[in-house]
Amino acid sequence: MRKRKKEVIGMDFQVTLDTLWVIIAGILVFFMNLGFATVESGFARSKNTVNILSKNFIVFAVSSLGFLLLGWGLMFGDGNGFIGLKGLFMASGADNSPAVGEAYRGVYTAISWAGVPFWAKFFFQLVFCGTAATIVSGVVAERIKYISFILFSFFLTLLVYPIVGHWVWGGGFLQSLGMLDFAGGTVVHSIGGWAGLTGAIILGPRIGKYTKDGKINPIPGHNLSMATIGAFVLWLGWFGFNPGSTMAANPVAISHILMTTNTAGILAVLTSTATAWLVIGKPDLGMSINGLLAGLVIITPCCAYVTIPAAMLLGAISGVLVVLAVIFFDRMKIDDPVGALAVHLVHGVLGTLAVGLFAKSGVAGIETENGLFYGGGFSLLGKQALGALCVGLFVCAASTIIWLLIKKTIGLRVSVKEEIEGLDIGEHGQQAYPEFASRSVSYTSIIRNLDDSEGKK
Amino acid sequence: MRKRKKEVIGMDFQVTLDTLWVIIAGILVFFMNLGFATVESGFARSKNTVNILSKNFIVFAVSSLGFLLLGWGLMFGDGNGFIGLKGLFMASGADNSPAVGEAYRGVYTAISWAGVPFWAKFFFQLVFCGTAATIVSGVVAERIKYISFILFSFFLTLLVYPIVGHWVWGGGFLQSLGMLDFAGGTVVHSIGGWAGLTGAIILGPRIGKYTKDGKINPIPGHNLSMATIGAFVLWLGWFGFNPGSTMAANPVAISHILMTTNTAGILAVLTSTATAWLVIGKPDLGMSINGLLAGLVIITPCCAYVTIPAAMLLGAISGVLVVLAVIFFDRMKIDDPVGALAVHLVHGVLGTLAVGLFAKSGVAGIETENGLFYGGGFSLLGKQALGALCVGLFVCAASTIIWLLIKKTIGLRVSVKEEIEGLDIGEHGQQAYPEFASRSVSYTSIIRNLDDSEGKK
Amino acid sequence: MRKRKKEVIGMDFQVTLDTLWVIIAGILVFFMNLGFATVESGFARSKNTVNILSKNFIVFAVSSLGFLLLGWGLMFGDGNGFIGLKGLFMASGADNSPAVGEAYRGVYTAISWAGVPFWAKFFFQLVFCGTAATIVSGVVAERIKYISFILFSFFLTLLVYPIVGHWVWGGGFLQSLGMLDFAGGTVVHSIGGWAGLTGAIILGPRIGKYTKDGKINPIPGHNLSMATIGAFVLWLGWFGFNPGSTMAANPVAISHILMTTNTAGILAVLTSTATAWLVIGKPDLGMSINGLLAGLVIITPCCAYVTIPAAMLLGAISGVLVVLAVIFFDRMKIDDPVGALAVHLVHGVLGTLAVGLFAKSGVAGIETENGLFYGGGFSLLGKQALGALCVGLFVCAASTIIWLLIKKTIGLRVSVKEEIEGLDIGEHGQQAYPEFASRSVSYTSIIRNLDDSEGKK
C-alpha cells in the first residue's frame, strides 16, 4: 500500500487540521443514520421492522446519489438568490479547494470559506442532506410503500433540500439578509419536519390509531433496547453535527459548541422525563429519548451563538414542549409514529427563532449580530422568523407536489391488508425476527373498530 | 452557517491538535454510556429492561448537571488538600485556558497543565465523572427505585466523585504525595465500585437470588446480543478513556497507551474464557465479556507507566481473578447482577496497586517514579495503597450516608410485588418488548422459595 | 494523572497529525469487529447466537496475540521476497519510528514510510489482520467447534496473513513487482475469503441446507435489527479502513478516498436492492446489506487510484454481482450462512483486478501506474492478476493444511445432535435470549429430510 506523499509535508498544517476535523465530524454525522434506523424501528411495531430498517438503510444511498447528481450544484453553485446555477451536475464545476478567500478560483464561492479539500466539503454537506431525508422516514412510517419513500427521498435531496440550503448557506437571499442557522435547525431539521408533515397529512394515519369515536390508541414500540441504542448513537452523532459545523478546527469554538450541545440535551432529558412523570404519570423512556432529541435540535441553529446558561434554558424548555407537542399532534390526528414532528419540526423552528433572542456575539469566538435579549432589538429575530417562514412555505409546497405526483402515479400507501399484516412481508417478503413468538398484540382488537375509510387514503 | 475565523490561523497548532484529541477522546468516552446501558440490560431480565435503559440514559444527564453545578469546582478549584474552594459554582471561575504553566491565570490551577480551551477540559472530565456514576447502576440493578437512583447519582457527581477527584487529580493530598492514577482506576472505577458495594449491601439481594437453604440461583441475562454490543462499545470507548487521559496529542504516549490498553484487554479475554471453561465447564460469554472489562480496568491506572509485557501479565491475571471475584461476591451474598464489583471495584484497586509494582519511568515518554519491580522499592507501592485505602474509606462512608438518607426519606427499594412483576411496568408503565412472548421463565419457580424478609429491605 | 510533556511542543506537527489520523482510523477499523459480530449473528439462527457472538468477540483477542507474538515480524520484518526474518518475536526488533526514509534505523523497513510511532503502526496493521480473521467466522458459522475456530484464527494471524501481507505490503515479491492493493482487497478480504472457502468445503454444509433431492432450503436470519446495526457499523468502520490506509493525514487523499468508498458503497446498495427486486421478486434487506459490503470491498484495493465515476461504476457492478454470487455458491452447495464469500472473496479479487483497469495516476494526489482504461496497457492488470492468483493459491493451500490438522486432532465440526439443538447450549451452556419464546421454526421440518451423511463430515 500507500507511499507517504512528500508534498504533504509542505502543506498548510491548518488545512490538515481542518480536514481531519471536518472528516471525523462528518463520519460521526453519517453514523446518525444508524441512530435514526434504530430509534424509528424500535418505536414502531415488529411487523414493520424490516421495512423501517430498509428505508433507513437505503435513504443514505438515495441521498448520496441525489446530492451528487444535482443537489450540491443547486445548493453551492454560484447563481442568484434563489438557486445555484453553475457546476450543477456531478459536483464537477471548477474548484481549487482548499484555497480560501481571494485565492479561491471556482464556482462554489459560497462555501469557499472552508479551507478543506473539495470532497471533504462535499461529504460533510452530504451527511447533512441525508439527515433531512431520514427525518421524513419516521413520520411516514408503518404505511408508506417502499418505492414511494425512495422516490420522495430522491427528489427531496436532488431538489428541495438543496434549494433551501442555497438560500441559507449557499449565498442565497436569506444568507444575504443575515439570517443565522449555525448547524441546520432550519435547513436540516425543519426541512425534514415540513416534508414529513405534508407526508403524514397526505398519507393519513395508521389504521386503528384514531377511532371513529375520537379515541387515540397508543401503539407502543416493539423494542426499546433498539430505540435506546439509537438515542445514544444520535447523541454521539450530534457531537459531530454541531461542533463540526465550524468546518474548521477552531479549538475555542468547537469546545464551546460541544458544551452548549450537550447541556441543552441533558436539560431536556431531565425536564421531559419530569414532564412525562407529571402529565402521563410515569417517567416514560420514549419521552426521555424524545426530550433529548428536542434539546439537541433546539440548540442546533444557535449552538455557536449562545451561552451555557442560555443552552440550559433552551434545553429545559424543549423538554417540556416536546411532550406537549407529541400530545398536540395526536389531538390533531396527525399520526407521527415516532414523534419526529414534535422533535425536528417544532424544535427546528423554535431553535431558529431562539437565535433571534439569545444570540450573543463572541461567546464561541464567533462574531454575530446580537439577539433581542442582548441588546440587538428585533432585527435578528425578524430575520429568523422570516427565514423559518419562507422555508416552511416552500418545503410544504414543494413536498406536497412531490407527494401528490407519487400518489397519482405509483401510489403512496400500502393496501389495508398489507398494513394490517405488516409491511415486512408485503414489501420485503421477510420478517425481522422469524423465530420469536408474538404475544397476542393489543392492536388486533383495535383493528376491529376499523373505520374502513382510514385505510383507503 | 459559520464563517472561518481569521484568528484561528494564527493560533498555536499544538493547542488545536491537543483540543482535537481531547474532544475526540471525550466523545469516545461519552459513548461508553451506550456500552454500560447495553451490557447491564443484556445481563439482566427483560422485565427490568426499560428501567435499566432509563437509568443508564438519565444518569449522564444527572451527572452533567451535578458536575456543572458544583462538581467541577470542588474537584479542580484552587483550595486545600481536601477540597476545591474557588470557582465552585457553574464552572464559572476565572480561567484563561488554553494558557498553560506560568501564563495561566485562573482558579483551576491543578488542571492548567492541559493546553486546551476550558470547555474541552470540562467535557473530558465530565465524561469521566459520568462513567463513575453509571458503574453504580449495574450493581444496584433490578431492585432500586428509579428516583432513588437518580438522587444518588446526583449527589455522587455533585460531591463524592469531585472530592476524591480533587485528592488525586485536583491538587489534593494524594497528588501531592505522589500517588499515580493515570486514567482513573481509583478515581473512576473504584469510586463507582465502592459506591455500588455500599448500595448493594444496603439494598440487599434480588428476591430469589439466594435462598434460605444457602443456594445461589443463577439469573441469566435476557439478551446476550445486547450485552455483546455493549462490550464492543466499551472496548471502543476505552481507546478514548486511556489514551485520551494524556489530554494532549502526544504521539508516542497515546500510541503506547493504546497498545497497553488493548493488550491487557485481550489477554484478559483469553484467560477469563479459559478460566470459565475450567471452573464452570463451558466458555461462558458473560465471563469473556467481564474478562475484557477487568483487563481494561486493571490497566487503566497504569496504562502510561507499564511496558507491553507487563500489560500482558496484568491482563492475564485479571482474566483469572474476575471469574473468582464474581464467585466470591456471590458467596458473600452481595448481589451484583452484572458483575460490576468484580470488574470495576476489584480491578480498579488492583490496577492502582499494580502501578506501585510495574511502573517504569519513560516507557511512554512520561517520566514517573519507578515501581517495586523496577528498582523503586516500596515507596510508590505504599502511596498507591494509601491512596486506594483513603478513597475506599471515604467513598464507603459518604455513599452509605447518602444511601441511608434516601432510604429514610423516599425509600430505596421497589415493593416485592413490583420487583416480581418487573420494574418496567411498576416504574415506567412500559415494556421493552411488548410484542414478544415470554418463555416460562426459570425464576418463577425460584420465587416460590421466597423468603419474604428479603424483599423488605 | 498526566503531566503535559514539554518535549511534545517541539515535535514535528506532521508526526502528530499523522498519528492522530492513524489511531482514529485504526479505532474505527477495530469497531468493525462489532459490525461483523452483529451482521453474522443477525443472519444466523437464534440457537447459535451466543456461539457466533463468542467467536467474533474472541477472534480479535486471538488475532492480537498471534500478530504480536510473530505475525508482525513475519509481515514487516526485513527479510526476503517471501517472508520477514528480522525482529520476528513480540514486535521487538530495533526501530526508531517515527523516523522515516533515510533517517529510519530499524528492521521494519518496509513500513518505515509511515511517519508515526511504532505502536501506532502496529495497532493499525493489527486491526487489519483481525478483520481477515473475522471474515472467516461468518463462512463457517453454525457448525464449527468453538475451540477449532479459535485455533484456526490463531494460525491464520500468526502465519498465513502475515506471510501474504509480506508479499504485498512488507517488501515482498508482489510489492517489488508493482502490484497495488491500497487498503487490502487482496490482503484482507481475499485472504479471509479463501480461508473461509476452504473451511466451508472441508466442514460441509449445515444440516438441512441442501436436501438429497437437490433442493436448497433458505435459512433466514433470526434478527435483522442486529444485522442492520452491523451493516451501519461496518460502513462507519470502512471510513477508517480505506482513508486510514494512507497512514498519513494527507487531506486531499483522505477526502478523495472517503468519497470513492462511500460512492461505491451506495451505488452497490441501490443496484443490489434492484437486482434482488428483479431476481428474487422483493427488495430483500439482506441483499441490500450484502450489496453495501460488496461495494465497499470492491473499492478497497482501488480507492486511492480511481475517479468518482469509476467508483460509481464499480459499485454498481458489485451490487449486481453479489446477488448472483450468493446464488452461485448456493448452487455449488458451498454453504456460507452470511454471504461472506460472495462479498469478501469475489469482490476482494475483483477489486484487485479493477485496479489494473481503472487506476489513474494522481486522482487522489498519489502517483501510480495507469490501468488499461487509462493508457497503461495490460501491464498493471497482469501484475494484479498474478498477485490475486498467488495469494489465492497460497492461502488455499495453507488454510487447507491448518483446517485438516485441526480436523485430524481435535475435530472441526460439532456433533449432529449439538448442531440441531444449537451451538449455544452445546458449546457455551447458554442461550442468547432465554426469556423469549420461539416460534415453531421452519427448519425443524427441514431436518426431517436430513441426510445423515451430511452431519458427519
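Each chain gets a letter, A, B and C, in the order it is written, and its residues are counted from 1.
To be clear about the criterion, a contact is a pair of C-beta atoms (placed from the backbone, for glycine too) under 8 Å apart; a residue touches a chain by one contact, two chains touch by 3 or more.
Note that the coordinates shown come from a computational prediction; the quantities given were computed from them, not determined experimentally.
Peer 1: With over half of the numbers shared counting as same, classify the chain B/chain C interface as same or different.
Peer 2: Different, since most residue numbers here occur in only one copy.
Peer 1: Once chain A is fitted to chain B on CA atoms, what angle does the rotation have, in steps of 5 degrees?
Peer 2: 120
Peer 1: List the centre-to-centre spacing of chain B and chain C in whole Å, with centres computed as mean CA coordinates.
Peer 2: One centre to the other, that is 33 Å.
Peer 1: Which chain B residues touch at least two other chains?
Peer 2: Only 13, 17, 20, 24, 223, 229, 433, 436-438 qualify.
Peer 1: Residue numbers of chain B touching chain A in their complex, please.
Peer 2: Checking each residue of chain B against chain A gives 1-5, 7-9, 11, 13, 15-17, 19-20, 23-24, 27, 30-31, 33-34, 37-38, 41, 49-50, 53-54, 56-58, 60-62, 64-65, 68, 90, 98, 116-120, 122-123, 126, 146, 223, 226, 229, 427-438.
Peer 1: So in the complex, which bits of chain B are touching chain C?
Peer 2: Listed in rising order, the residues are 13-14, 17, 20-21, 24, 28, 45-46, 100, 113-115, 168-169, 181-184, 220-225, 228-229, 231-233, 235-236, 239, 243, 245-256, 258-259, 262-263, 265-267, 269-270, 273, 280-286, 288-289, 292, 304, 308-309, 365-366, 433, 436-439, 441-442.
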